[in-house]
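Same chain, two partners: chain A is paired with chain B first, then with chain C.
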Partner chain A sequence: MIRFIDERWADILFRSYQHGSLVIQSLILATLIGVGIAVLVTTYRGLSPAANAISAVGLTIPSFALLGLLLPFTGIGVVPSVIAVTFYAVLPILRNAVVGLQSVDGGIIESARGQGMNAMTIFWRVRLPLAWPVIMTGIRVSAQMSMGVAAIAAYVLGPGLGPYIFTGLSTVGGANALNYAVVGTVGIIVVALLLDALLVLFARLTTSKGIRA
Partner chain B sequence: MGRLAAADREDRLLLIGLPILIGVVLIGWIIWRAVADLDDIEARLLTPASVLELTWQHLVIVAVCTVIVVGTAVPMGILLTRGPTRKLSPPIMGLANAGQAAPVIGVIVLLALLLGFGFWVAVLSLTIYAFLPVLANTITGLKGVDRSLVEAARGMGMSDMQVLFRIELPMAVPVILTGVRTALVLLAGAGAFAAFIDAGGLGELIQTGIVMFRYSVLVSGAILVALLALAVEWVGRLVEVYTKPKGLS
Partner chain C sequence: MTENHTDTGAQIELIDVVKRYPGQENAAVDDLSLTVPAGETVMFVGPSGCGKTTSLKMINRLIEPTSGQILIDGEDVTTKDATELRRSIGYVIQGGGLMPHMTVAENIGLVPGLLKWEKRRTRDRADELLDMVGLDPSTYRDRYPRELSGGQQQRVGVARGLAADPPVILMDEPFGAVDPITRQRLQDELMNIQAELHKTIVCVTHDIDEAIKLGDRILILKQGGRIAQYDTPEQILSAPSDDFAADFVGSGSKLKQLSLLRVRDLELVRPVTCRVGEDVDEVVARAEEAGEQSVIILDERDRPLEWVFLRTLRRHSTVTDPERELHTVVDHRSTLADALDSMLVSSHGGAMVTEGGRYIGVISYDTVTEHIRSAQNGES
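Entry: the complex of A and B
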C-alpha cells in the first residue's frame, strides 16, 4: 500500500487537484445559476413552490441515469461530467438561495428604499449580503454531493480520482485492485473534507461583518 | 382529499404532478419500444421479460435495504437520544457527517473487492449509505420535541415507554419519514451501481449500453431508473402527507 502510493504520488496529487478543480468550477457555475434563478423566483413569488418542486424532482434523478441520458448528446469525456456535476450542484444552492432571499426582513428593504437605493443597489448591498450565510450552507451541501457525482462521472471517462475506483473494479483479483479502490475512495474523502474547510473559511471571509455570528 | 388540501403547495404540486410525469414518460417509452427499429442485441436486452426481471431485482435490492435501514437506524436513533448513550450522539453524528463525503461507488467497489461480488455485498454497501439520513433525521426529530410536552406527559403519570410511543415518536414522525424518503430515493438511484458488482438491477442496462455503444439500451436504462426513483419519491411524499398526526400542521 505504502509502496503503491509512493510510486504514484505525483499522479495521485494531480488527480486530486483535477477532482477538486472539476467540483470547484462546477460549483461556481452552479452558484451563478442557482442564485440567478432564486432572484427570479423571489421576484415573482408564485414561482417558488414550482422551483422547489423542480429541485426536489431534480435531486431524485439518479446521477448515473443522468449521465446515461447526457451521453448521446455530449459524447464521453469532460463535458458530461461538468454538466452532471453542475446540474446537481445547482439544486441545494437554489433551494437555500430562495429561503435566504425570502427571509430578508421586509422592513429592512423598506428602509433601504427610503434611503434612495434602487432595486439593483438593494439587491447587492442589502438582500444578497443578508442571504449569503444561508446560500453558503447550500454551497457546502452541493460541494459534498458533487464529490460523489464527480466520482461516478469517471465511468464516462471524466477526470479526477474516480477512474482509480473503476480501475480497481476492472482489475479485480489483480495485485493493485484494492490499492486503486482505497486510494480513489479515501482520496475523494480527503479532497471533500479539505474543500469543506476551505468553504467554511470562505464563508467567514465573505459574510458581512454585521451579521457574523 | 382533505389531507391533500392541507398539504403545502410544493407537496401538492409533486403529489399531482409526479404520477402524470411518470405515466407520460413510461407510456412514451413503451410506445417507443414497440415501434423502434432495434438491432439484435438491443432487442434481446430490451425484451419485456428481461426489463421486468431487472426492475424486479432492482426493487428487491431497494426493499431489502430499506427494511434493514429502518429496522436498525430508527431504534439506534431512539437509543442515542435517551439514557446514558445520549452523550455518544454528537460524536456519532459528526462521524456520520464526515462519512457522507465517501462516494457511494467507492464504498461499493471497496466492499466488493474485500468481500466478493454479488447481491448481499450490494445490499450491505447500500445499507451503509442509506443508514445516515435515517439516523440523523430520527435524532433530529426526537430532539426537536418540545421538552415541556415531555414534562407534561410525565406529570400526567406516563412511563418512559408511554412518553416515547405516545408523545415523542408521533411528534417526530414527519422528520423521521423525511429521512426515510431521502434514503429510499438515494437507494433507488444508487441501486443502479449494484450492476457493477454483478448484483443485477436496472443499472445493467445503463452499463451494457455504455460498454456496447447501444444508446437505445443506455437511455432506456437511465429512464427506467429515473422513473423508479421518482415513483419512490411520490410514494414517500404520499405516506408523509397521510401519516402526519392529525394535530400537527
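Entry: the complex of A and C
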C-alpha cells in the first residue's frame, strides 16, 4: 500500500485537486442558481409547489442515468461533469434557500420598509444576510453530496479520483485492486473533510455575529 | 410641551381617508379627517382593531389608502416616491424592530446610510443619539440587538427613528413591550427629547395614562377609525364627548388628573446633599443641624446616587458610591401619578427630582396629597 501511494504520489494529489476543484466550481454555480430560483419562488408564491416538485423528482434521477442523457449533447470532458454535479448540488441549496428566505421575520421586513429601504436593498441587506446561515448549511450538504456525484461523473468522463475506485472495483482480485479502491475512497473522504472545514470557516466569516448560533 | 420654541416638525393632514382591505365588508378606516399641528404629539387610542395602526401606516405609505388624501407640510404624500418619503419620516415600532444582524450603531445609522451621509457623520450621529436616549456609546455602539435588554432595544429603536432628524415621527405602541418602571423612564426620556426637538409625533398606544402623559392631543377612535373625540388631555378628562369616550378614559378620572399635573408644577423641598468622598462626620453634622435624618448623595455631575439615612452613612468614614440602581428618581416633567408610583418604593416619603439627569430637589408625599386636597376643595 505504501509503495502504491509512493509511486503515484503526484497523480493522487493531482486527481484530488481535480476532484475538489470540480466540486467547488459546481458549488459556486449551484449556489447562484439555487439562491436565484429561491428568490423567484419566494417572491412569486405561486411557483413554490413547482420548485418543491422539481427538487423532489430531481433527487430521484440516478446520476449514471443523467450522465447517460448528457453524453450525446456535451460529449466527454469537464463541461458535462460540471453540469451533472451542479444539477444535484442545486437541490439542497435551493431547498434551504427557500426555507431560509421564507423564515425571515415579516416584522423585520416591514421595519426595514418603514425605514425607507427599497426591495433591492432589503434583499441584499436584510433578507439574504438573515437567511445566510440556513443557505450555508444547504451548501455544506451539497458539498458532501457532490463529492460522491463527482466520483461517478469522473468514472464516465475522466478527471478526479473516481477512476481509481472504478479501476479497483473492475479488477477485483488483481494485484492493485484493493489499493486503487482504498486510495480513491479515502482520498475523496479527505478532500470532503477539507472542503467542509473550509466551508465552516467561510460560513463563520460571512455570518453576522448578531445571528450566529 | 408648550414652551416657546421653534417647531422643527411638520403639519400632517388627513382628508377623508378611507382604507378598505380586500375582501372585507367594512372599511378598516372609514372617512378619517384629522389635522396634527406641527411640533405636537398626538396619541391615537381606541379598542383593538379600531384602525389605529392602519391609520398610522397610511401616513408613511406602508399601507396605501383606498381613497382620500394625506398631506405633510401641505404636500400630498402620494406625489413622492414611497421609499424617499419613508426616509423623511421616523418610524418606531414595538420592541424596536431592530435588524438582528446589525450592530446598534449600524441600526441607528440605517437611514443616514440610505441618505448617503458621510460615514463619519453617521457614526457621530449614532453616538450623539445613544447619549440622548441614555445609553453610553462606548459600551453599546458595537453590540448586537440580542445583547441588549428589551428596554435598551426600545431605546435604540427610538434613536433610529430620530437619526436623520425627520420632521415627523410615527410610533406604534413603542413602549408596549417593556416593564412598567422602564416604560416610565422611556416616556420621561421621550418627553425630554421632544421638549428639545419639537417633532410632530403620532403615537399609537393602548394605555390611556400614557396618552394623557405624553400627548398634546389625544385621538380616541371607535371601530372603523371613526373619531370619538380629538382633544387635549385636559378636555378629554374633564369633558368626554360621549359615553364611548368616557368609558374609554375609564373611571377614576379624578385620579387620572394626576397624570395631567407635572412634578415641576409643585414646590420641591431641598434636603441636605453631599458628594462622594466627603467626610461623613461633617455631612452628619450638617444634616443634624438642619434637623434631618437622611441626606442625598450626588456624583460629580450632580446626578443623584442614593438617598440614605444618617445611620447607614455612618458605617463608613467617607461618603461612598452605593452603586445601586435607583428607583425613586423622577424627571421634573413626570406626572404626579408617576411620582406617587416612585414614592411607593421609597422609605423617605418622597422622590428625588431631576432635570436633564441633574438633581434639583425632592418632591414629598405630603406636598402631593396637600395639592390633591386643595384641588378637590377648589372644585366642590
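Points worth noting:
Assume the second predicted complex is superposed on the first by the 208 of 213 C-alpha atoms of A that agree within 3 Å, B and C clash if a C-alpha of one lies under 4 Å from a C-alpha of the other, contacts with A are read in each partner's own complex, and residues count from 1 in each chain.
FYI, a residue touches a chain if its C-beta (ideal position, glycine included) is under 8 Å from a C-beta of that chain, and two chains touch if they have at least 3 such contacts.
What you see is a predicted model, and the numbers here were worked out from it, not measured in a lab.
Of the two partner chains placed by superposition, only chain B is touched by A:I152; chain C is not.
Touched residues of chain A, counted separately for chain B and chain C, are more numerous for B. Contacts of A:A84 after superposition: neither chain B nor chain C is touched.
Of the two partner chains placed by the overlay, neither chain B nor chain C lies in contact with A:V41. After overlaying the two complexes on the shared chain, residue contacts for A:A53 are found with chain B alone; chain C is out of touch. Of the two partner chains placed by superposition, A:L27 touches none, neither chain B nor chain C. Look at A:L94: by the touch rule set out above, it reaches neither chain B nor chain C.
Of the two partner chains placed by the overlay, only chain B lies in contact with A:Q144; chain C stays clear of it.
Across the complex, chain A is touched by residues 8-10, 13-14, 17-18, 21, 98, 100-107, 109-110, 112-114, 117, 185, 188-190, 192-193, 196-197, 203, 206, 209-210, 215, 218-219, 221-223, 225-226, 229-230, 232-233 of chain B.
Those residues of chain C that touch chain A in the shared complex are 60, 62, 83-88, 91, 93, 97-103, 110-111, 114, 144-146, 160. Those residues of chain A that touch chain C in the shared complex are 107-108, 110-118, 121, 126, 129-130, 208-211. Those residues of chain A that touch chain B in the complex are listed here as 49-50, 52-53, 56-57, 59-69, 71-72, 144, 147-148, 151-152, 155-156, 162, 165-166, 168-169, 172, 177-178, 181-182, 184-185, 188-189, 192-193, 196.
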